[in-house]
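Presented sequentially are two complexes of chain A, the first with chain B as partner and the second with chain C.
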Partner chain A sequence: MKLITAILKPFKLDEVKDALQAAGITGMTVSEASGFGRQKGHTEVYRGAEYTVDLVPKVRLEVLVDDADAAAIVDVIVKAAGTGSIGDGKVWTTPVDQVVRVRTGERGTDAI
Partner chain B sequence: MGDVVLNSGDTAFILISSALVLLMTPGLAFFYGGMVRTKSVLNMMMMSMVTIGIVSILWVIYGFELAFGYKAESAWYGNFSLSGLGGVVDDFTNNGGVYPIPMLVFAAFQLMFAIITPALISGAIADRAKFVSWGVFVAIWSTVVYFPVAHWVFAFGNKVGDVVTGTGYLAGKGVQDFAGGTAVHINAGAAGLALAIVLGKRIGWRKDPMRPHSLPLVMLGAALLWFGWFGFNAGSALGANGIAGLAFLNTQVAAAAAVIGWLLVEKVRNGHATSLGGASGAVAGLVAITPACAFVAPWAAVVIGFIAGILCALAVSLKYKFGFDDSLDVVGVHLVGGIWGSLAIGFFGTSVVNSIGLDGLFYGGGTALLGKQALGVALVAGYSFIATLIIGYAIEKTIGFRITKDAEIEGIDLKEHAESAYEYASSSRGGANL
Partner chain C sequence: MGTRERRLRSNESDLLLSELFQASGADSQEVAIAAVGSFGRGELSPGSDLDIVIIHTGSYSPVELSEIVNAILYPLWDKKIKIDHSVRTRSEVRTALYEDLKVAMGLLDIRLICGNPDLVADVQSMALSLWRDRSSHYLPLLRESLEERYQRNGELAYLLEPDLKESRGGLRDITALRAIHSSGALVLPMERVSQAESLLSTVREALHIASGRDKDRLLFTEQDKVAELLKYSDADALMSDVAQSARAVDYLMQMTWYQYQHKGKDGLGRFLKRVRSTSISPGISIANREVVIDNNFDIDSDPVIGLRAAATAAQLGLRLSFDSLRIYADALDTGRGALTNPWPREAREHLIALIGAGPAMVEIFEALDQEEILFHWIPEWRGVRSLPQRNVLHRHTVDRHMVETAVSAAALTREVHRPDLLLFTALFHDIGKGTEEDHSLRGEILIAPLAARIGFNERDIVTIQKLIRHHLLLSATATRRDLDDPATISSVIESISDVGTLELLHALSIADGEATGRAAWSDWKASLVNELVRKSKLALTDNTVMQQPELREDQLSRAALGTLDVTIEDRGNVYAVEIISPDKTGLLSIVSGVLNVLRLDVRSARTKTIDGVAVMEWLVLPDPNAPVLTREELHRELVKGLAGEEKLAQRIQDRIEAYIQMPTIPFPAPIVETFLDAATDATIIEVRSHDRPALLFSIGDTVRKCNIDIKSAIVTTLGAEAIDTLYVTEIGGGALATERAIEVASRIEASLK
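Here is the complex of A and B:
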């Protein structure tokens, strides 16, 4: 099993979510995040005084998938999240040892 | 009062105007509160709230008498009396002439001005003043600075027959200040500069981001200030009449023009017109038109407001150049806007719109009026700045004026008020007496 983690532009969340559902994904976890990559932060101006805001608002999306599906789902996310401009985010996968569904006690791929 | 008959229309208008002016101080609390960080919004708002408490009490005990009592017949202060305002209940307002409204209605109206003036100063010392010391400052400053200065500017004397006694110094000199460009805004602005110097810069000033935590609160505050300002300026006519109407319209168009002026500066200089700029522009225009609102034609109010917006948008950067942490720009908006508005009467003032008005430079009056206005500006700014420095340092050396470094970093709300404005995590316990 794999955990796919995606850092997205917040306004791309709906598109990514719809694309994942169309690809058969039935559950996900989304949280608000902030950070910066190559695009760095942005500048805000208050009464003429400039402030550099380093941490940009992002959305963190997490999905659990079978090993066999991982590559395809990553592609779905990358395709839906991309705008072609700097700051589109990142997607990565991590191996997962065990998954348990709390209600039934099912384990492994049955719990995904 | 002889054959004077109470005018219910005038009285109703001044009562309502008084309520409008009071609303400006909570409005100011929102305006200032939104501009500070989450850890100090409550203290910022409380500085205004406690000012309402302190000044209202002082006003009844001796403040109104010190500003508008005429028995001492002095140009510099009113009357030293602890009358508690019990003796004037049946009197009509007498301020350079008898107005058909009760003296206590005038006292209530003027009280609201006495409240907002020290509250305005609090913006200069955001995040770092001991709350008790602020309260002591408000009491002393009101007594030593506001009440006498209000007498200089607003007290036109007690008129009995043709004899007028106890006229304030600047009023007697013919300095024109309809609603408080000198007594309120220059006074508060100069005091703000002095207190910013006394308290010093906040920890991390110019290094740490000190962004406004809630611009919607700032917008709400600006809206309440703008609304209340109609009472401030139009109410200063002390009657529901043509002068009040002129002041009302001038107030509106000056604020509107200043919004445009400030936003234009931002758009050209920074590339973006900001909400903080729009709110600040409105206040700058309101400040500038305050002294002039009943002495200039509406077209001139537009010009005065537009220039105020541009001037103040540029002036708020001065603190970085000179290195004083006037946190919320009391100097850049109220001192600069107040000076501009007071001097503008010397150019745009005209007796055409107001029989007690004088002609300024553009109406063939020469520089005489401009000279009077400059006298008013210089005297009030100079006295307020020096007196506030002395009061500020006296408080600093005795009970201390600034909170500790740790308290400032952790947040003044928690240290001074044992509260936090916004709940981020519900992991807490208690509710009864722990």
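Here is the complex of A and C:
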């Protein structure tokens, strides 16, 4: 099993969600996140004073998938999240040892 | 379901206990069974415990007594009847009364079921007299226990899944109110919560029946079933009634504690042997830390008094007197004291000052709602009163959410140039809720006649409508659209095309989000909205600074005479004053100081100096105790002031010192900003501050001490907030250097702290 984590531009969330649902993914975790990559934040001018905003608002999306599906799902996310401009985000996968559905106690891929 | 059924249930339990008592072989002279708590009041819901006290004379041995008690209780336990019992002699009861608040309160409702009536009567009389004699010990403990319970169980009126008994405003609060009333410390109008008690008891009974359990938490999943059982159209209607009842209970509770805490204190919070009443304006005084409308005041002669009293109380952080509210409400109900349509400017200003008081306005607004005074002023409010929002995003009913939004907005008044429009729209932004229609569009339509009645001009009404229609625009766009896409910014400025409205919408979005709660607003979301606003502002070209006034031909020709000229126009409750005077250093502070000592409150001013002569237009509101203003008197005072004969500064200082002794509320710190006006080679100083006596005098005096010239001034007071814009130059002409402008701004800011 794999945990796919994606950092996205907030306005892309709906499109990514729709694309994942179309690909058969029904469950996901979404949280608010802030950070920066190569775009390094930006500079703001407020009331005449200039200051740097280091952290850019992003959305963090997490999906658990079977090993066999991971590459295809990553492609789905990358395709839906891309705008071609800087700050589009990142997607990565992490191996997962075990998953348990709390309600039923199911384990492994049955719990996904 | 209802009182009758609960009484029948109680009677059946009485009968069962009497039979068991008889079968136990207890001597009816030595033992008695009494009901306490809700059972004592004869009010049993299906899931209620049987709260009983077995009182005995002490003549039985412990073994004999144990046999009797077991003979009564075991059959009940076998029948799975929940019972909460205690077995005590009279002296044991007395000890428990001293030690345990719950026992002391429970025994206030004691009722004989069977056995020796004298034993129960004796305990009843002992419980009541101890409760009365030791009220100063019990009541603070009771208050503490209520606060702890509120922390655990939240507010019945606003929770998605409230506890009908334990939540704030619930059935346990009604029992507490009854206990406070029994103590004799205060006389409470218990009839005000009788309807609420009946409704909450019936809903609790229906919940026990619908769920088949004895739990009092009205879970989301049970609400539809309970609504159906009680023949409500839907769960929203049920929850609205529950919320309304809880608010009635909580209102009486809060009023009760306030009166208990401040009984015998004066306006400054000092304890007095005799209540001292301090008159603060005609018809309005402070006594017992409450703002009171004088009993003999003729409200037809001044229909604004209700709003004036409410705004005064809110701005001083005090409450409105319970008695005054009721007398005023009765007068309004009989058709007296109605406001004109549109409202006079003074009424609108008081409404804005009330809304702008921040947290202090919540209790005042709730009191105006509970006494139904609010609906005489704003009938539209009834459509959203206690309207539930049964979703996880919102914490409050629609009406309370709007009040909370206004509280958040009050902290943002320095961020905008029209705090009055921000506060007004914050209070009414969700007025369109309650139907299937889009509430923003419906609100846009509903707000127009309301804003017109309150006295806003057509241009302001257009802005208010725009703000209400688009109050979700910034949050929705910031989270769902690409902020780097120029089309996103274009879509915002297509709807909001000027900086002033954009900054209002930004503040409204923040206030709305904060009032909604953490589920809807976070630093993350705020940063996205900030970014959207920043980019949109860059795309707009106008600015928010007030422009210098233009002079009329007649003013120019009178100014050419170069002598002091005064005209006064009485506009009902305000005076329009025009003063033409040879310019001199400190003129603005001298004139505003003279107006202040004549007890004239500056609401707005526009001044411009041309060829050494200043033309000043003032709109001033006479203090309620001020004598009638005449042209001659004002002329005379100005001559003295300009000649330096009057000790203006001292007289004004006396007034400021009298004012600062009054109670106050926290408000945002003043902001002083400076800009360069290239067109006129002047420096613009913009001061945004909470209004207070002689504010303009203080600003003008500081400017004078900085040795700079005021070329023009535009002064605006909106409710309790003031925005003063000064165009200044060095004495010899020309804008101030950057460092000098910063120094002047910081001196003005320091003078206002």
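The definition used in the following text is that the second predicted complex is superposed on the first by the 112 of 112 C-alpha atoms of A that agree within 3 Å, B and C clash if a C-alpha of one lies under 4 Å from a C-alpha of the other, contacts with A are read in each partner's own complex, and residues count from 1 in each chain.
Operating definition for what follows: a contact is a pair of C-beta atoms (placed from the backbone, for glycine too) under 8 Å apart; a residue touches a chain by one contact, two chains touch by 3 or more.
Values in this document were obtained by computation on a predicted structure and should not be read as measured data.
Novice: Quick one: chain B and chain C on chain A, clash or fit?
Specialist: clash
Novice: Does chain B (first) or chain C (second) touch A:P57, or do both, or does neither?
Specialist: After superposition on chain A, A:P57 lies in contact with chain C alone.
Novice: For A:S34, using the defined touch cut-off, is the partner it touches chain B, chain C, both, or neither? Pick first, second, both or neither.
Specialist: second
Novice: Give one of first, second, both or neither to describe whether A:S85 is in contact with chain B, with chain C, with both, or with none.
Specialist: Second partner only, chain C.
Novice: Could you look at A:T104 and tell me whether it touches chain B, chain C, both or neither (first, second, both, neither)?
Specialist: In the superposed model, A:T104 contacts neither chain B nor chain C.
Novice: Looking at chain A, does chain C or chain B touch more of its residues?
Specialist: C
Novice: Check whether A:K9 is in contact with chain B, with chain C, with both or with neither, and answer first, second, both or neither.
Specialist: second
Novice: Kindly classify A:T26 by the partners it touches after superposition: chain B alone (first), chain C alone (second), both, or neither?
Specialist: A:T26: touches no partner chain.
Novice: Determine, for the stretches 73-81, 397-405 or 649-657 of chain C, which one clashes with chain B when the structures are superposed.
Specialist: Among 73-81, 397-405 or 649-657, the clash with chain B belongs to 649-657.
Novice: Between chain B and chain C, which residues of chain A are contacted by each of them?
Specialist: 44, 46-47, 53
Novice: Which residues of chain A touch chain C once you look at their complex with the stated criterion?
Specialist: On the chain A side, the touching residues are 9-11, 14, 32-34, 44, 46-47, 53, 55, 57, 83, 85, 87.
Novice: In the complex formed with chain B, which residues of chain A make contact?
Specialist: Residue positions touching the partner: 44-53.
Novice: Which residues, counting only chain B, touch chain A once they are in their complex?
Specialist: Against chain A, chain B makes touches at 209, 211-212, 266, 269-270, 272, 274, 276-277, 280, 313, 316-317, 320, 329, 332.
Novice: Could you please specify the touching residues of chain C with respect to chain A in the complex?
Specialist: Interface residues on the chain C side: 478-484, 522, 524-525, 527-528, 531, 534, 673.
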